[in-house]
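Both complexes shown next keep subunit A, but they swap its partner, so subunit B is in the first and subunit C is in the second.
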Partner chain A sequence: MALSVLAPEFIIKRDPDLCIECGVCSRQCSFDTHTIDPEDGSITSDAIRCCGCQRCASLCPTGALTIIERELTGRSHPNWTLGAQRNIARQAETGGMLLTGMGSDKPYKNIWDHLVLNASQVTNPSIDPLREPMELRTYLGSKPDRVEFDDDGNLLSEIGPLLELDVPIMFSAMSYGSISLNACKSLAAAAAQSGTYFNTGEGGLHRDLYQYSDRAIVQVASGRFGVNPEYLAHSAAVEIKIGQGAKPGIGGHLPGEKVTADISQTRMIPMGADAISPAPHHDIYSIEDLKQLIYALKEATNYTKPISVKIAAVNNVIPIASGCVRAGADIVAIDGVRGGSGATPTVIRDNVGIPIEFAIAAVDSQLRKENIRNQASIVAAGGFRNSADIMKAIALGADAVYIGTSALIALGCHMCQKCYTGKCTWGIATQDPYLTKRLNPEIGTRRAANLLRAWGLEMKEMLGGMGMDSIDSLRGNREMLRGIGLTKEELEILDVAPAGM
Partner chain B sequence: MHRLPPFKIHAACGTCGIIDRKRNRFRVHDLVNAMANMRERGNGLGAGFVAYGIFPDHADDYCLQTMLLDAAALDRTREYLNSVCTVVHDEVIPTRKTATITDEPLLWRFFVQPLAEKVAAKAEWTEQDYMVDVVMTINRDIDGAYVASSGKNMGIFKGVGYPEPIAEYYRLEDYEGYIWISHTRFPTNTGGWWGGAHPFGILDWSIVHNGEISSYGVNKRYVQSWGYECTLFTDSEVISYLFDLLCRKHGLSIEMASLAMAPPEWEQIDVEQQPELKKLYSAMRQVYPGALLNGPFAVIAGHEGGMVGLSDRLKLRPLAAAEKGDKGYIASEEAAIWAAAGQPDRSWPIDAGKPVRFDLQEA
Partner chain C sequence: MKRIYAKEDYCIGCRLCEIYCIFQHSGCDTLVKAFSQKDCLPDPAVRVEEDGAISFALQCRHCDDAPCVAACISGAMTRDPETGAIKHDPDKCIGCWSCVMVCPFGAIQINLEKGKVSSKCDLCGGDVMPACVAHCPNEALVYE
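Now for the complex of A and B:
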């Protein structure tokens, strides 16, 4: 292959006065950016290899390294941007689809940044969460429309099965394969500590995670990886994966070289074989087929676990979600256009799907209109950056949210978007034993649990500020939101009044 | 009718209710004294009364007391009602000109019977469901018309003003009832207008309310999915629909409905020692998060079987109860009860989230 004509994306600045040539940078970089000369021990860096993960700069003991993003240079054009030109050049060199990791970095209008929350002042007092109980507890699953009693006043209704969340934030589906076992362990233990749930993704459930079975949402994706009675038994809920926000209509593909012995056992596939889970389930070509799978899983789990259906937010998300509920889903998880991914074609990630904000609002309204809102919980996913985003999602109608990217950032991810290479320098999105050791699961657990705790505290503070002591009173409470800089149509879909009204 | 003044005035409200549990009918005088005693709790931007047992000659007819912008709205309402009900009798609601009550709408009452064949047209509808739909249709679709009350043998009389002039305006001294409830308003989330005054009612439920519900948006969307149209933009309206929904449609007792609206905290439920109670409380919270009223409230609700007082689970608004002889009293202040009745036989503050019931004896 001809030499690449592409300029590096990053500039590596090494301060010669500070560099002691210890070699840490070279050992830490899995992309072989820094090379030690075997003769004299001097270090040189090849910027073209740098992914901007900041691992070397973070761990350099003398602070000698600075990695900065390099501005694209060349003749700019309003249509043929330098980024567009660069992508064409890359494809001309490789003849392949451009791949990427993490969520879309396209600057779509972020609706969260155009919504503000309410606060009480005089007439309904705000509540101090340091002195009053403040409830974030949330139950996910199907609930009856009403509670019924017999003639003697005894409770007749049986509620459930439900998932009990102490904080309405769960860890998104991230498979063993897309992330390391240590990352899986970190999220599982943090979920258990925090009274919430983690999701296995389509990678099966490793035996080391069986101890967290009551905190596991196990996925049934088209590849059916790891799905057997034992797998279903070791779960709190089962999720049928139809779509993913970063790649609606696109399946998953774990290259054979990442299918290690452990992953092969967990996924129940041969070692070294590509793990392909196409978008279509080959037994689901209609909503009726989905219903059959939902009830097959309910039968298989003896009606003791809620069944979730995860879909990507797309044009017709309203009838799709309604159909899922009517097909018997106890939870509908909706993943928006900013949802993350370990590997996806860039063009899909950046151009397919709709923002989760509109999807939540529209689906919640429709389910209420059909009076089937109690029949299923709505879980929203796709780019939650902070606790305020989550509060706004709940006010638009979500029961709880999934976080993926922010959970990985808590573990150490620096958003280099090279997950698909399997060379994650932070030991998260990799199966390389040399790299996976970099994530200590105990530290990872602490960091992920800390994030949930911190966001929970902030959510309680915001809730109290609105004069509420229960998250129940925020769910779908559009009165608590006001829009700034949104069009009339956007406000209508969100069913939110503009600021000042 | 649905125009709102573009301002807000913030403070509290005064409420009082009196019931004669043996159904002896009495006049409004004592209640007006009680309300006058709480003048500072209102600001003249809304007051009202509800009375039960006042139409013995039409006790089996639904009485729709309507507020109408003008004669044309009356014609539209009459035409609609004639198409969905048998109007047994209708008349102007008697009023008198007073010094302070102004800008009054046209007030008309219709005694109606639903058309049986129309009720039967929808299999899932009871007669009451049908009447709720009639009320919601008028409020939503008939321009300039609003149904103030729609129950049997009861009526709501309300407007912009203080309670005493409102009572005078509606000639309430001419009525005798066995439950009387009143409200003086200090509007906080909508301005002072005739439709926004309390009590709010649907079928035989009526409520007066002091407080502001932070969960209004949730509660509104919850009742809307059960067919209730929230046309008055106020949290108090929603509470009357919640009582009707939970007690009538869902068949809950008043205690269970109160449990849905003001449930114990999860930390209390977690330590509940009786497994059956724990299961009950959990079920109520899991099924009825949309009915939970968050924020301060003190409510007096009237219904065909009696009167109930309920305050929020943190007791952020005052509510006192008392009894004297056959009569029961609930009010924002015990002083109001004394103003109405002198020294009661027994009085007590209402516990947070625990309903106080005064039931009518069987007729």
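Now for the complex of A and C:
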């Protein structure tokens, strides 16, 4: 094969005055970027191998390493950008689809950054969350049209199964296979500690996670991996996965080499066999078919667990979400274009789907118009970066959100986007036993739970500022939002007034 | 007494424990300065044992029935009555290697040039968190 003509993406700067040639960088890089000379112990670095994960720089005891993104060189062109040229060169070399991990890095207009939250001043005083109780508790699931009581005040209405969340943030679906068991354990334990839920993704539920059954949302995806009565029993809710934000209309594929003995047992597939989740469920071609699966799962769980349907945010998300609710879904989870992924064709991730901001607002509005908003909760997903994004999503109509990427960043992810290689240097998106031990689940649990706690505190502060003491008062309350730098059409879809009005 | 325990499930083989052990016993203010004096660097008293994905850091276990103390013919190996740690006195050491031969863990390092025990874990004095534990990035070493 001819020599690659691609230049390195990163520059490795090693300060010779600080480098003590301890070799930590070499031992920590799973891409073999740094090499120790066996004769004199000196270290050389090959920048072409560097993925920019920052593991070496983070663990270097003297701070001798700096890894910076290399500016692509060449003649610039407004249409044929250097990035576009590079991708063509990569494909000319390999003849394959360009794969990637994590959410889209295209600079689509981020609506969260064009929305501002309200705060009370004189007439409706703000509340100090340090002195007053502040309620973030959220219940997900179908709620009755009206609540009736008998003369003694006892509840007469039948309330369906609900998920109780202490904080309206759940961990997104990330399967055992796409992430390591230690990463799954970290998220599961953090969810249990924080009074929220984690999602198994389409990889089945490992037996070590059975202790967190009451905090597990188990997925039934097109591959039906790991699905059996025991799996359904060890859950708080069941989610039917139709689509994923990073790859709407695209199936999943876990290469056979990653299907270890443990994963094969959990997914109920032969060891070393490719785990292919087809793009469609081969028994669902209409809302009626979806209804059959929803009720099959309700039957299988004796109507004791809410059933969620997860869809990607696409052009016709409004009728799809409405159809899901009418088919009996208790929760509709919608994943936007910035949703994450372990492995996806780059072209799909970056060009398919719509931003979650519009999808949430549009679906919430439509379900209200149809008078069925109470029949299902809406969970938003896809690129939540901070507690303010979440508050804005709730004000647009979401009941709760799923976080995936930010949860992984809490565990240590440095967004090198090389999840698909299975060489995650931070021990998260890998099954290599040498690398998976890099994530101590005790530390992972602590960090993920800390993130939820911190965001919960900030959310309470923002709520107090608005003069509210309950997250319920913010849900779908567009009056608490104003748009800045948004077009008339965008404001109309979001049903938000421009700032100053 | 408090001892250092290794959790091999979470040892990532980075060997920062060895590096910080050297620094701690170098008497220097900064890591860079310590390692710039390569000729007089102490040997680490903790060693990472590795085989494939398995790795763990091993240092003196400060055994209750310390065979090294019993075998030492010069009185260089003694137990600190306050902390319980086994200590090595290089002035008394005559380099007979008896301690090395009886140590069931291979935790005592030798220096052939000087003909003495070159390093042995002293728990960094025992009052503070040992340097190897304090700088383990994955909490694979605990002091309890």
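Some points to look at:
Convention: the second predicted complex is superposed on the first by the 495 of 501 C-alpha atoms of A that agree within 3 Å, B and C clash if a C-alpha of one lies under 4 Å from a C-alpha of the other, contacts with A are read in each partner's own complex, and residues count from 1 in each chain.
By our rule, a residue touches a chain if its C-beta (ideal position, glycine included) is under 8 Å from a C-beta of that chain, and two chains touch if they have at least 3 such contacts.
This one's a predicted model, so the numbers in the text were calculated from it and none came from an experiment.
Of the two partner chains placed around the shared chain by superposition, neither subunit B nor subunit C is touched by A:D128.
In the superposed model, A:C22 lies in contact with subunit C only, and not with subunit B. After overlaying the two complexes on the shared chain, residue contacts for A:K369 are found with subunit B alone; subunit C is out of touch.
Across the complex, subunit C meets subunit A through its residues 7, 9-16, 19-20, 31-32, 35-36, 52-53, 135, 137-140. Residues 10-11, 188-189, 211-218, 220-221, 224-226, 249-253, 256, 265-267, 276, 279-280, 282-290, 292, 294-296, 314, 316 of subunit B are the ones that touch subunit A when the two sit in their complex. By the touch criterion given at the top, residues 17-18, 20-24, 27-28, 59, 61-62, 427, 432-434, 437-440, 442-443 of subunit A touch subunit C in their complex.
Considering their complex, residues 120, 122-125, 127, 132-133, 135, 137, 139, 143-149, 153-155, 157, 159-160, 162, 368-369, 371, 373-374, 395, 466-470, 472-480 of subunit A touch subunit B.
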